[in-house]
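When the chains are written out, they are named A, B, C, D and E in that same order, and each has its own residue count from 1.
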Amino acid sequence: MGPLMEWDWNFVREIMPTLIQGVKITILATVLGSVLAAIVGLAIALARRSPNRAVARSVGWFAEFIRGTPLLVQLYFIFYVLPDIGILLPPLVAGVIGLGLHYGTYTAEVYRAGIDNVPRGQWEAAKACNLGGRHTWTHVILPQAIPPMIPALANYFIAMFKETPLLSAITVLELMNQAKSVANTYYRYIEPMTLVGAFFLVISLCSVVLLRWLEHRYGRIER
Amino acid sequence: MTQWSGYLDLILQGALVTIELTLMGSVLALVMAFLAGMGRVSRFFVVRALATAYIEFFRGTSIFVQLFWAYFVLPFAGLSLTPLQAGVLALGLNVGAYAAEVVRGAILSIGREQYEACTALNLGRWQGMRHVILPQALLVMLPTFGNNAIELLKATSVVSLISLADLTFQAQVVRSQTGSTLMPFVSVLVIYFALALILSWGVRSLERRMAQGVDGVRI
Amino acid sequence: DDAKLEQLKQQGFARVAIANEPPYTAVAADGKVSGAAPDVAREIFKRLGVNDIVASISEYGAMIPGLQAGRFDVVTAGLFMKPERCAAVAYSEPVLCDAEAMLVKKGNPKGFKSYEDIAKDTSATVGAPGGGTEEKLALNAGVPRDRVIVVPDGQSGLKMVQDGRIDAYSLPVLSINDLIKKANDPNLEVIAPVQGAPVYCDGAAFKKGDEALRDAYDVELAKMKKSGEFAKIIEPYGFSAKAAMSTTREKLCAAK
Amino acid sequence: MPAPIIKVDAITKSFGTFKVLDGLSMQVMPREKLALIGPSGSGKTTILRILMTLERIDGGHIQIDGEQLYHMERNGQLLPADERHLAKMRQKIGMVFQLFNLFPHKSVIDNVTLAPMLTKGVSRTAAEKRAMELLDMVGMADKARSMPAQLSGGQKQRVAIARALALQPRIMLFDEVTSALDPELVEEVLNVLWRLCSETDMTMLLVTHEMGFAHDFADRVLFFDRGKIVEEGKPDEIFRHPKQERTQSFLKKIIAAGHRV
Amino acid sequence: MPAPIIKVDAITKSFGTFKVLDGLSMQVMPREKLALIGPSGSGKTTILRILMTLERIDGGHIQIDGEQLYHMERNGQLLPADERHLAKMRQKIGMVFQLFNLFPHKSVIDNVTLAPMLTKGVSRTAAEKRAMELLDMVGMADKARSMPAQLSGGQKQRVAIARALALQPRIMLFDEVTSALDPELVEEVLNVLWRLCSETDMTMLLVTHEMGFAHDFADRVLFFDRGKIVEEGKPDEIFRHPKQERTQSFLKKIIAAGHRV
């Protein structure tokens, strides 16, 4: 048996501070990425409903493209190819933009479903009440559409959290990258990798509880 | 430019590995999705608990960690998988956990009245599931399954961790051999997108075929 | 007598881990594995009666765990010998030796000569492979963690210097030379060797417990070094056979 | 006098803190046609759903054909019924739902044949032959290969009736089988029920808001309010000479709204 | 004779290949109460939805109060109406839906005050005062702070009526406002409409399956079949002495089903 299988608590204690450093970056990237994804998603969802067919179409294809290709390759593209055309982004910024854009295409679907789920009768009632477009959106449609979306949105933000290890490809020292760095320095893989797994599991189990609560709180609207 | 064709060849070989992983991973994911998804709505506590543990574990830990365990740690438990097997195992189990929630959601989305009609016709639990609930739920699941398959396709891009030469990895190889960054990345983006389009087209036509006669006005 | 060697002979090939970092290891357009380290290994295994090698490309960090998990039989990837590594794996005698170099912008605007220079300039950043020798050298020289950027691969490091994201990118001399040759960018410059950095040598790394195979490997390696065939294989790649022959595993593993 | 086929004895049923049925008792004779009327929320649907075992009861006993519905006798003790016992009892009972609940992914004939083939092991040919007879009886033979989505409301309702009949239950429960239909379709469905009455010897319980139909169809009418039977009797007694004040006010409003009773 | 407030001139409307309305023409006088009756699928709801501008027409013209509804005059030319023109015309029309369509996230009073506050710039206090009067009129003043989910069907329907009235439209459209309700609740809603008739000078169009109510309520009855007006006239004429065969057979079936006409 190699040293791989011998679990060493002293070693765990030693590398903990480094890993926690990584957790901080991971959380920061997730939070910023979520905010961006929420905004980008709404923009895409609204653009796809635009009466201007050209706008709706091209945004639609753009979103499909982003959704159909791996985030990893997109990150490489943003970080290593964009500088050729003069766009030089710091690693964390590039990472947040990558996460935000990629997950924005998912949240756009959530927004779309949420808006579509408001019954047609509500649009018609708004018309029968002679409400204009803006009033219909702000007073009738969005207040009903957004609460049921919250659990689905939260779900994607949790998924994003688990995809942050990809940022190591563009030199962001998040949790996974820290763990790899530790592993390479000491030639011990099992403790850092298992700790990473444990971190993710703990955070996502907490988030499951949070999700259930959100679903309970916002999931349905009584009619 | 003869060199280029050689590198393109390399990328196409990577695409083959990616396709292989996607197809085999999808099959495993589908099997797990139905097992765990139906397990979640089982009458038996033990089955429910097992299914829940599987789903939460694989959704909770990241695919990187799962790949690492499948490839580097399982051998110590006496199970040595080839990189391809390990990749399929990790990807299939991971995406299967997500798809299991889709199966469960779809089963629960079938209205209570359909279950009650089964009871009123004295169908057994499994009979009702098999002939009434699942056929209808399948239609609800399909679009999300399509998305899951695309997610699996994209997730294959991380298997280079276990020395599988997939599409993304070959792009890296080409990049380091040629010193060009733009061309390999653009070509793999295009290939991924083409594969994703094929997947969603396939799922959509399946959906259309299955929806025949069922759609339309429902009271 | 050597069960592992018998097993390799039987299956007809040995599984090696490589890194795709020319000139140490490389994958050609047709997918064929080359580079100095695998070429030496291929020749020695042939002499041992194992006809071929099958290479899998791996991250540096995954090599030793992969070796321990039985994923490869040997690592031939320019994995430099160092005391901690010697404790984790069974090295052969030295094969490829190289000094450290740095890639900087033309004219070396910040005037780096050593890792200590980088430590002193509080605005300077240096890139290095994660867990590699260079990362450790930089950290030991006093460069703080947040100014040592972990770069996934050589091409990315080169691009980051070009784009001005990092001030220097550090790799072994020959690797840097290979990179800059391909990039053909007149705005870059190589500083080699880095002052104060030791010369390192790699060896073929075997799993602990496979010492018998390692010893058989060493015997053939020694023969080739003597006959000059060793130099014929590695010198076209730019490596010095003399450097490898003037030191031993014992010395390298005991260093510091 | 023959034994009652349904004997409900002091049952109670609550939803959360809301008591829907509170000590309800009633008896139904074999071949009897019973109409259940009463205001909205009075518990009419609930009692049908309890008889179909779609809801559990909180207290009391129900006997179907002399056998306990929600209890089983084991070694002289009365235990809560298990799923097997309920399945056995369900064979005697069929139900037609207000909103049809057809299986949307199966054709009309498959809707009708599914249960006999699965639960009684009837062969496909035999099941289809019987299904065609039933569909013919409800005037739907020509739509046998249609999908439910292609049918109008009245047609769906008739298929739902055929589907329930295919299992040949001794007791049929109808829950407002006409309230979603327009007057012409109501007519269609009522005609089918009339024929059923005359051609079979089933016991029927029918919840309805169509007082005219309750009057013509039923041997006996039960007037429900707040989970209790306020009044019962022959249709003529109830509709012409209601004794209870609650029944009088209910019928008065209905007459005012333009219904014949 | 005053000018008609609604003038429908040879309009056509198709859904896909299915022609629902084919050259329909009709006129409605100010303050007239019109009942639209006819079998299911004959296009009654469609004509109301067209008047409310919820559907576009394929051909023909509609004038409301002397102004084109779906067209605008610009430099002597008739152009298709834009959203602004439609919004202006909608101020004259209100509609109560069969399924209420209350805003579920707003309380009863907010449902009623929302539109006046947003579209007419009425202050909150003024809007609430007026809303309370309307709610009082439909007997819902005590539920003003309830949410729609807490109301019964008949209560929801009455709130929907109050909401439509709050905008003081000249024309009110009612689409089967009672068909989802039980007989007692039907009664409640009909009472409100009767009061409305006597207290306001609105023009009302009402689609209904309640023939008795159509008879008592309407000044004139239109009988629809397949998107055409088959027969029209005073209620007594239509119900007692229908001239067309189609009308006769429709009414006969309804009487058979137990409805008073």
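The rule we apply is simple: a residue touches a chain if its C-beta (ideal position, glycine included) is under 8 Å from a C-beta of that chain, and two chains touch if they have at least 3 such contacts.
Heads up on the chains, UniProt names are A, B = Polar amino acid transport system permease protein; D, E = Polar amino acid transport system ATP-binding protein.
Owing to the predicted nature of the structure, the values given are computational and were not obtained by experimental measurement.
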| query | If you tally the C-beta contacts for A-B and for A-E, which one comes out higher? | reply | A-B
| message | Averaging over Cα atoms per chain, report the distance between chain A and chain E in Å. | response | 48
| request: Just give me the whole-number Å value for how far the CA centre of chain B lies from that of chain C. | output: 38
| said: What's the distance between the Cα centroids of chain A and chain D, rounded to whole Å? | reply: 52
| chain A residues counted as touching two or more neighbouring chains | 4, 80, 189
| request: Provide the list of chain C residues touching at least two other chains, using ranges where the numbers run on. | output: 62, 65, 69, 159
| query | Hey, which chains are touching each other here? | reply | A-B, A-C, A-E, B-C, B-D, D-E
| task | Sort out for me which residues of chain B touch chain A in the complex. | result | 56-57, 59-65, 68-69, 72-73, 76, 150, 154-158, 168, 171, 181-182, 185, 188-189, 192-193, 195-197, 200
| Residues of chain C that touch chain B when the two form their complex | 17, 20-22, 26-31, 56-59, 62, 65-66, 69-71, 153-155, 158-159, 179, 182-184
| field | Parts of chain B lying in touch with chain D, wherever the complex brings them together | value | 113-114, 116-117, 119-125, 127, 131-132, 135-136, 139, 213-219
| said: Using the touch definition from the top, list the residues of chain C that touch chain A in their complex. | reply: 60-62, 64-65, 68-69, 84-85, 88, 127, 130-132, 135-136, 146, 149-152, 156, 159-160, 162-165, 207-208
| query | Of all residues in chain E, which touch chain D in the complex? | reply | 39-40, 152-153, 181-187, 190, 209-213, 215-216, 250, 253-254, 256-261
